[in-house]
Every structure is written in structure tokens, then in C-alpha cells.
């Protein structure tokens, strides 16, 4: 299941909904991405962040990514919730969760979803700092993380 | 933080507490283990499960495992909650969560905690089935999973 | 053709969306990008570095040699940074 | 010495806990396990397969050659299956 929304989400409620009634689930791996304020002396503190997205394509890409995870691993349930709009440090941005009979599949699929989402879902982060606005640049490490999954899919199972 | 308890826990509340007020956290990886009823025609259905543990040693081992994760990865916060006593299919058994500036550290540490916990924390599962009680046997795959982390710790970072 | 712009690419072009009449001879994503560059200094600045421009045709990522036609929805944007 | 038993090992021995007087000559985990085997058929059955017996001394995993003394808390149990 995928959701793209402006409002915050309740992690406990979402995870409960995902597993309730399914007694074949042995493990539920999840990841929550948060707005971070590094207070790095080298950088400005981040006062807030605005996530821009491409309505329509976002939903399409998230659904594609989720379908790919289900092709690669035996999952009982999965969920991607991604917010857009303005958020302050400490706020939740994204929730990804995968439930499976086995914990390895749940962990692998959850990480795969995050890695692919980071490089394939059309979101852009605009940070507000004391010295003005700046667009967050794509990171090579995210590309490298996504490439972990481009080898033989079987190798990741 | 570690907790060993008979009662259930609220995943959303626990995860919120773990990250609240810390604005350097970029990612929170978590895992929930559930009582599974496979309804496998090869096996009996599991009506319930009782987790026996070794009070005192359990807390000691969980604290050791958590400390080891903090030595290996840069974590802002971590949590292990493990239940004991009788549980029915669908009930939560364990929650492991790791928060870090970076998602790779959060994911790796969370998985490490689960893998080590499975092989080092003194818990034993007794399943109730239609044909009687049976003790769950240790799985080679859990030993193999734990061995993933016994190589050079740096390699896992 | 409907064209969408996002993030700093949108800011440099100065608009989020426009509908253009595709000139004859523009049949690929690469041809479209080259043609757009000539539409003004904002476009030229936005599209100056091809390494920082991603293109989606009908909401799917597309390479420079992918075909485009008048009925397509084309989006131009920088590398994505969500999650 | 305080000795604890868990899971099916506890069931086979027939008790969860006991306090024993360590005989002279029993100075290691291995020596203790051998001595316990002679205490009755339940003990012998519980400890028959060394591959399925784990030992903790003072709540830390210990190998067969680890030393034991009267003031220790020793626990015997099968491989763990939590999580």
C-alpha cells in the first residue's frame, strides 16, 4: 500500500493495521525518515524543510517500487507513506514497512524500498536556513545504495 | 535501553519516545517479531506460545548486545523490548529499534541486534499445538545470521 | 505538449507548467531539451548542465533518445532527493 | 553451588533450581556436567547430547573448560530460541 500526503502519520497505528489479522507474519521491519537539524558548525542549522513532489508520478513510482519488492521477496504486506509540504526538524517524512514470514526478507525488502525510493521517487527537498533557502543535492551515497540492488535479484534474497 | 516484560508494548509510543527531542536523528529502523501460526499442513497449527527466560542473565545479555551495537555504529538511540510468558498468534514478542543520523547505520544496527539476540539472549519458546507441547529448536539459519557480524566489525559499518 | 518543471529547475525556468506546440523535427527527449534551451536565458540556465537534468515522459523516467510526441506529458527536474 | 535449569532441560531434570555441594575434583564446567549426569536418569537424559547443552556461569556463557567454584551460579539450558 502506498500513500502520499501532506499530514503526519501515526507509526503505531499504521504498523498495527499492516499486520492485524495475518497470523503468518513473523517479522515486521520498518523505517522512519525524520527531518534532521545537524547544527553542524560547517553548515547552517535547518529551520525547516519543504518537500516538493510530482503528483501522479510520485504515486506511480512508489507503486512500481513496492511491486518490485513483492517480486523479489515473499512479503505478506508492505507500506510506503511519504509526506510532502513543509516540515520542521524532528518531524516524520517517510514510513516504509515490510512484513514477512521471515525476518531476513522483511529487513531486505524494507531497505530496498528506502534505497530505491531515495533515487527513483520524484521528491525534492528545499531547506530553510539562517542564510536562506537551498535545494538539497542528490548524494552519491544514495546512488551507491540503490546500486546494491541492481545485481542479480536472486542474490539479494 | 532494554526492557524484559510480560505485558505487551505500544510500538508507536516506544518509537516516539526514542526519537523525541533529538533533532540529529535522520532515520529510525525497527523490527517487531510476532507469534506466527503457519497453518502449515506439514505442521500443527500453533495455538499459543510460552517464552521462558533466565531472569537476570536476559537483561545482562541484552545490555551487552546493545552496547556492542553502539560500539560498532554511531547510534543516537536504541531500544530492545522482549516479552516473556504466554502469547497467542499475532501477538508481539520483541521490538528492536535503532536511531541514527544515517539510515545505513540504523538498518545495520537493528538487524545486528535481532541476529545476536536470536542466538545470545536466554529465551526458549514452547509451542502449544493440537498434538501437545513442543520446544522450538534452534535454527541453523539463526546461527548463520549471527555469524554475518563476527567478521571485521569495520566491514559491517 | 504539456511540460512540467520541478524544484530549482522550475525556479530558473520561472514557471511550473506550460503547454507548447512542438516544432517539426523535435522527436526525442534530447531534441526537446535542446529546443527548450533556446527559449530564453532562464531555460538556458536551468538546462545548462545535462548531468543535473532528469526527464520523465508520461510520468516514467526517460532517456535522451526516448521519443516524444505532442500528446505526451513531459517533466524536467533535478535528481530526486526524497526519503 | 546454585544450579539452574531451563526449558526441556529443566523438564528432564525435573527441577528448575537446586543447591549442590560441589565434590572435590570438580573444577570446570565440563567436570560439573559429567558429575551431574551421574545424579540420576533425568539428569543423564537431559545432558546426554552435549551439542544441545549450553552453560552459563554467573550469567555469562561459558565453555566446558571454564572454571567453576562453589560460589558460582551455574545455569544449564538448550540452545536459545528467542526473538
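Some points to look at:
For clarity, chains are labelled A, B, C and D in written order, and residue numbers in each chain start from 1.
The working rule: contacts are C-beta pairs under 8 Å (C-beta built on N, C-alpha and C of every residue); 3 or more make two chains touch, one makes a residue touch a chain.
Computed from a predicted structure; not experimentally measured.
Shared contact partners of chain B and chain D: not a single chain qualifies.
If each chain is reduced to the centroid of its CA atoms, chain A and chain C end up 26 Å from each other. If you average the Cα atoms of chain C and of chain D, the two centres end up 73 Å apart.
The centroid of the Cα atoms in chain B and the matching centroid in chain C are 48 Å apart.
Residue positions of chain B with contacts to 2 or more other chains are 33, 114. Of all possible chain pairings, those that touch are A-B, A-C, B-D.
Of all residues in chain D, only 4, 6-8, 56, 59-61, 75, 77-83 touch chain B in the complex they form. Of all residues in chain B, those touching chain D in their complex are 33, 51-54, 56-57, 60-61, 82, 93-94, 114, 117-126, 135-139, 142. Chain B meets chain A in the complex at residues 10-13, 15-16, 19-39, 89-90, 101, 103-104, 106-107, 110-111, 114, 145.
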